[in-house]
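Paired with chain B in one complex and with chain C in the other, chain A is shared by the two complexes that follow.
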Partner chain A sequence: MSVADRIFRGLFVLYLAAFALYLFAPLIIMSAAAFNESRFPTVIPWQGTTTDWFGAMSADRAMWRSLWTSVLVAACVVIVVVPVGTAAALVLTSLHARARSFAYAVMVSPLLTPGVVIGISTLILWRQLGVGGGVFLIVLAQSTFIICYVMLMVTARLQRFDRTQEEAALGLGASRGMVFRRVTLPFLKPALLASGGLAVLQSIENYNTTLFVRGFETPLTVFIATKVRTGLTPAVNALALVIIVATVLGAIAYEVARRRQAARPRA
Partner chain B sequence: MRDLYGRFGPWLATVFLSLVFIWLAGMVLAPNLMMIDYALRPNLPPAAIGGPDDSYSLDNILYLAGEPTHRAIFLKTIWASALVALVTFLVCYPVAYWMAQHATTGQLSLALLLIIIPFFINEVLRTLAWFIILAYRGPLNAVLTNLGLIDAPIRWQGDGGVLAAMVYAYILFMLLPIYNAIESLEKAQIEAARDLGASSWRIHTRVVIPHAKAGIATGFVFTFMLAAGSYVAPALLGSPGSRWFTEIIYNWFFEGGDWNRGAAYALVLLVLCLAVVLITLRIARVNLADVAK
Partner chain C sequence: MSHSVELAQIGMTFGTTRAVSDVSFKVEQGEFFSILGPSGCGKTTILRMIAGFTEPTEGRVLIGGRDMKGLGPNQRPTAMIFQSLALFPLMPVWENIAFGLEARGVGKAERRRKADELLRLIALEGYGDRMPGELSGGQRQRVAIARALAVEPGVLLLDEPLSALDLKLRQHMRAELRALQKRTGVTFIYITHDQSEALAMSDRVAVMSAGLLQQVATPRELYDNPATAFVARFVGETNAISGRISDVQDGRARIDTALGILTGRAGQGARTGAQGTIYIRPEALMPGDPVNALDARIERVDFEGAFALVHGRFADGAALAASVPSTRLAEAPAPGAETRFGFAPEHAVVLGDA
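Showing the complex of A and B:
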C-alpha cells in the first residue's frame, strides 16, 4: 500500500467517525440533558445529576392530553390507511402495463407533494364544507400521504404472490370472497402489519401537515415545538428520551420480526 | 379492471375501486382543485362572495412577484433547498459508496441499522436536538471556546443552523437511494477502470456516478422537496433574518387572515416542487416509477 493510499484510508476512517458523530451526538446530547439539573437543557456545564425532570414531565397534564390526541389520531389513521392502501395495491396490480404506470404516478404523487401543501389543501376544501381543523381533518390529511406507503409496501409483497394459488382455491370450489379472505389476505398479512406499524410512526411524528389542520388540538409534535418556543426545560428532553427509547425498541422489535419472517421458508 | 372483477368478484372489486376513488378524487384531487380555486380568487368579506368582485385573476400570485421581501424569501428558499440537497449529497456519497462496495456483510447490516435508528425518531425531536446543541450557551459553543478555536460564542441560529439540521434530517432520503444504485454496480467494472489506469477521481466521475445517476436524482428530488416544504427547522432554528417560504404561508393563514393569498403561495410552492421533480428526473432520465422505491 502506498503512502497516499494509507493517508487516504486514514482520512476515510476519520470521515466515517465524523459521520457517526454527526448522526448520534445530537440524540445523545439531547438525552443526556434530561438528567442535568440546569433549567435550560444543556450538558455543559453539568450542574448535577437528577431524574426530577421525568417527574416534572409526567406531572404535566397538557403533555398527557397531547399524547392522547396523537394516539387517537394514529389509531384512526391506521384504520383508514391499511384498507385503502391495500385496495390501491390490489387495483394497481390488476391493471395493464400502460394504465398501471399512469395510476402509479397518480398514487405516489402525494409523496412528492410538500407536507404543508397537503395540510393546506385539506383545510381549504373542508372549510367550504363547514368543517374546521381538528382530529377529523388531521386524520384525513395524514392519511392522504400515508396511504401511499401502505400501497407501496403491499404492492411489493404482491409482486411475490403466486396467483395460481387463488385459481387453485377457486377450482376447488371456494367463493371469490373466501379466496380473498383465506388465501390473499393471509399472504399479505406481514405487509399489512408492517405498514400498520409504519403508519403509526408516520402519524405520530408528523408535524408539517398536522400544523395546518390541527384546529384547537395539540398533538405531541405540536406540543413539543410550542414548548421549544415558549419555555423549554429539560422536562421536554425527558419526554424526548422516553420517545427515543420507545421508538428504538419498536424499531428493533420490528426488525427482528422482519428477519424472522424472511428466514422462514415460504409456505 | 376486468381482471380485478374476475379475480375478486363484483362485490369486493367494487369496494376496492370505491376506496381508491375516494382517496384519489376526494383526498388528493378535490383539495388541490379547491386550493387552486382559492388561489385565483380575491380575499373578500363574506357578503361580497359570489358578487361582482368575486372573479378569477392571478393577483394573488402576482402579489408574490411584486412584494420584495416575500420574493426574496421565496428565491432564497429555492437556492437554500438546493444547497441542502447538495450538501446532503456530499455528506452521504462516500458512506453510500463504502457501504455498497467495500463494507463486509456484518459492517453493512450494522451501518444500515445505525443509519436508520435516528430516522425513526421524529423530525421535531431531531430539530430540538440541534436547537440544544446550537444554543448560544450550548455545548457546541462551549466545546469550541474551551478548545480555543473561537474567542466568543457564535450565534449559530439562522441560516447555518437551519442547514445543519436539515441536512441531518434528510440524510436517509439521500443515502438509501444512492446506496441501492451503487450496490448494483459490478465490482469488476471498477477494477477494470483501475487496471486501465483511471484515477480514483475518474473512476467516480466516469463510472460510479453515471451508474448511480438514478439514485442520486431520487435523493436530490426528495431532499429538495422536503427542505423546501419544511416548517419545523426554520421555525425553531431560524433567526428573523432567515425566514423560510413556508413560514410566510403559515402567516397568511393564521396571522394575516388572507387564506386566498396563502393558497396562492402554497400553489407556487407545489408547482415549484413538481417542476424540480420532473426536470431533475428528465435530466437524469429516470422514470417516476423508480423513484418511490
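Showing the complex of A and C:
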C-alpha cells in the first residue's frame, strides 16, 4: 500500500468515525442521562447512577396518556395514508406525461408547505364546519403531508413495475380486481410496508402541525414540549431509551425473520 | 365454435399518428399466420387490437364471426404471449401457468393437476415450485407458452416471443412452436420482424409496412410473387433494376433498362409505358447464362460450401448479389473480373413503380 493510499484510508476511517459520532453522540448522551440522579436531563454533573427515572416514567399517567394518543393518531394516519397514497401513485403513473407533471406538482405541494400552515389552515377550515381540534383533526392534518411520502415511495416502486404483467393477467381472463389483488398488490407490498412504517414515525414525531389541531388532546411531542417549559425530568429520557430499545429490537427481529425466509430451502 | 379471426378495414390513430390504415385479412381456424414487418410498421398494434387491449378507431375485429367490439381482453377467446413474456415474478411457476384457471374459479387441486400436465407438455416436469427468476430464458419462454395454453384459447397471439433468445435456442423453439400448433390445432397469430422466421413457420404471412398491408400470401408466393416493391425487397434478398416497361404480353413484361432489355413475369402494376422495376432473386442469376444478359464486375466471392455468394456491381453501378451453386462456380471468375450473368424470365418479376 502506498503512502497516499494509507493517508486516504486514514482520512476515510476518520471521516466515518466523525460521522458516526455526530449521528449517535446525542442519542448516547440522552440515554445516559436517564440513569443520572440529577433532577434535570443532563450527564454533567453526574450525581450518581440510578434507575429511579424508569419508575417515575412508568408512574407518570399523563405521559402514558399522551403516548397512547400519539399511537392512536399514528394508527389512524396509517389507515388513511397508505390506501390514499397508493391510489394517488397508481393514478400518477397511469397519466400521460404532461398531465403527470402537473398532478405530481399538486400532489407533492403539501410537502413544501410549512407544517404550521397546514395545521392552521386545517383548523380554520374545519372550525367553519363546526369541527374543533382533536384526534380527528390531528389525523387529517398529518395525513395531508404524510400521504405525499407514501405516494412518492409507491410511485418509485411502480416505476419498476412491468405493466404488461397486468395486461397478461387481463388477457388470461382475470377481472380488474383480481389483477390488482394477485399481481399489482403483491409487487407493491414492500413499498406499502415501508411507507406504513415511515408514516408511523412521521406521525409520532410531528409537532408543528399537530400543535394547532390538537384541541384538548396532548400527543407525546406536545407533552414533552410542554414539560420543557414546566420542568423536564430524566423520566422523559427513560421513555426515549425504552422507545429506542424497542425500535432496535423490532428491526433486529425483522431482519432475522427476513434472513430465515431467504435461507429457507425451496420444496 | 370456430376461431377464425377477421379484420375488416381496421385503422388506428394515436393522436395525430396513423399507426394502422385500412387493414383487412382473414385468418382461418387452425392456421399458423404471421404478420411480418419492420419495427414500427403497426404489427403489434394489430395484435393488441385482436387481443382487446386497444380498440381500433375504425373497422371491426371478428373472432369466429362474432364482432369483438366492446369486449375486453378478459372476455375474448384469445391469449397473448408478450415480447417481455410478462411472467408474474412473485408466483411460482405452477401458479403462473394456472393463473387463467384461477381467474375462471377452478379449484386449487385441479389447477395444480392441470399445471403439472402442461409442465410435462413443455418438458419442465418438476419445475412447478420454482420461481420464474430461477429459470433460464428458454424455460421462461416455455412457461409463458404453457400459461397461455392453460386457458385453452381459440386464438394464440404471439408478439415476437423468440426475439430475446439466442440463435440456436430460437431455431429450436421455432420447431417446437410449430409442432405445438399442429398438435393443439389452435389458431396462431405470430408477429415477427424476422423474415426467415415468418417464412419457415407460417401457413400464410401478412407483410406490413408503415401501417399498410402490403400482401397476404403463403411464404412461397411471397417470395416468388411479391405484390409490391416493399415485399420484394423486405422478403429475401433481391437485385432491383429500374426502367421503362415497353411491352406486356402473355404474363411476361419487357423492361428497357440502362443495362439492356430484360424480360420477367408481369407483376402488379406492370403496364406498357409505365415506369417499373425488375426484381431478380440472387439464386436466379447464373454466370454465363445467355438469356437476359447482364454485365457485372465481381467484387467479392464468399464461398459457403453448397453455393457461393457473389457480390459485385452492374455496369450502371447498382449492387449485384448472386448465389451461385458450387457446380457452376467455375463460370464465375475471381474478384475484379467482368462476368456476364443471365436469368430465366420466370425467375424474375416486373412491378410497376408506385
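Structural remarks
In this section, the second predicted complex is superposed on the first by the 223 of 267 C-alpha atoms of A that agree within 3 Å, B and C clash if a C-alpha of one lies under 4 Å from a C-alpha of the other, contacts with A are read in each partner's own complex, and residues count from 1 in each chain.
The criterion applied here is as follows: a residue touches a chain if its C-beta (ideal position, glycine included) is under 8 Å from a C-beta of that chain, and two chains touch if they have at least 3 such contacts.
All figures in this text were calculated on a predicted structure; none of them were measured in a lab.
With chain A as the common reference, chain B sits beside chain C without any clash. In the overlay built on the shared chain, the residue A:143 is in contact with chain B alone; chain C does not reach it. Once chain A of one complex is fitted onto chain A of the other, the partner contacts of A:168 are limited to chain C, with no touch recorded for chain B.
When the two complexes are overlaid on their common chain A, residue A:2 makes contact with neither chain B nor chain C. For chain A, the partner that touches more of its residues is B, with chain B and chain C as the two candidates.
Residue contacts after overlaying the shared chain place A:49 against neither chain B nor chain C.
By the touch criterion stated above, A:26 is placed in contact with chain B alone, chain C being left untouched. Using the contact criterion defined above for the overlaid structures, shared-chain residue A:41 touches chain B, although it does not reach chain C. Fitting both structures onto chain A leaves chain B and chain C with a minimum C-alpha separation of 8 Å.
When both complexes are aligned on chain A by C-alpha atoms, chain A residues 175 touch chain B in the first and chain C in the second.
The part of chain A that touches chain B in the complex is made up of residues 8, 12, 15-16, 19-20, 22-27, 29-30, 33, 40-45, 83-84, 87-88, 90-91, 94-96, 101, 104-118, 120-125, 127-128, 140, 143-144, 147-148, 152, 166, 175-177, 179-180, 201, 204-205, 207-208, 211-212, 221, 224-225, 228-229, 232, 236-237, 240, 243-244, 247-248, 250-251, 255.
In the complex of the two chains, the chain C residues touching chain A come out as 51-53, 72-74, 78-80, 82, 84, 86-91, 99-100, 102-104, 129-130, 147-148, 150-151.
Interface of chain B with chain A (complex): residues 1, 3-4, 7-9, 11-12, 15-17, 19-20, 22-24, 27-28, 30-32, 34-35, 38, 91, 94-95, 98, 113-118, 120-126, 128-133, 135, 137-139, 142-143, 168, 171, 200, 221, 225-226, 228-232, 235-236, 246, 249-250, 253, 259, 262-263, 266, 269-270, 273-274, 277, 287-289, 291-293. Put simply, chain A touches chain C in their complex at residues 162, 164-165, 167-175, 178, 182-183, 186-187, 266-267.
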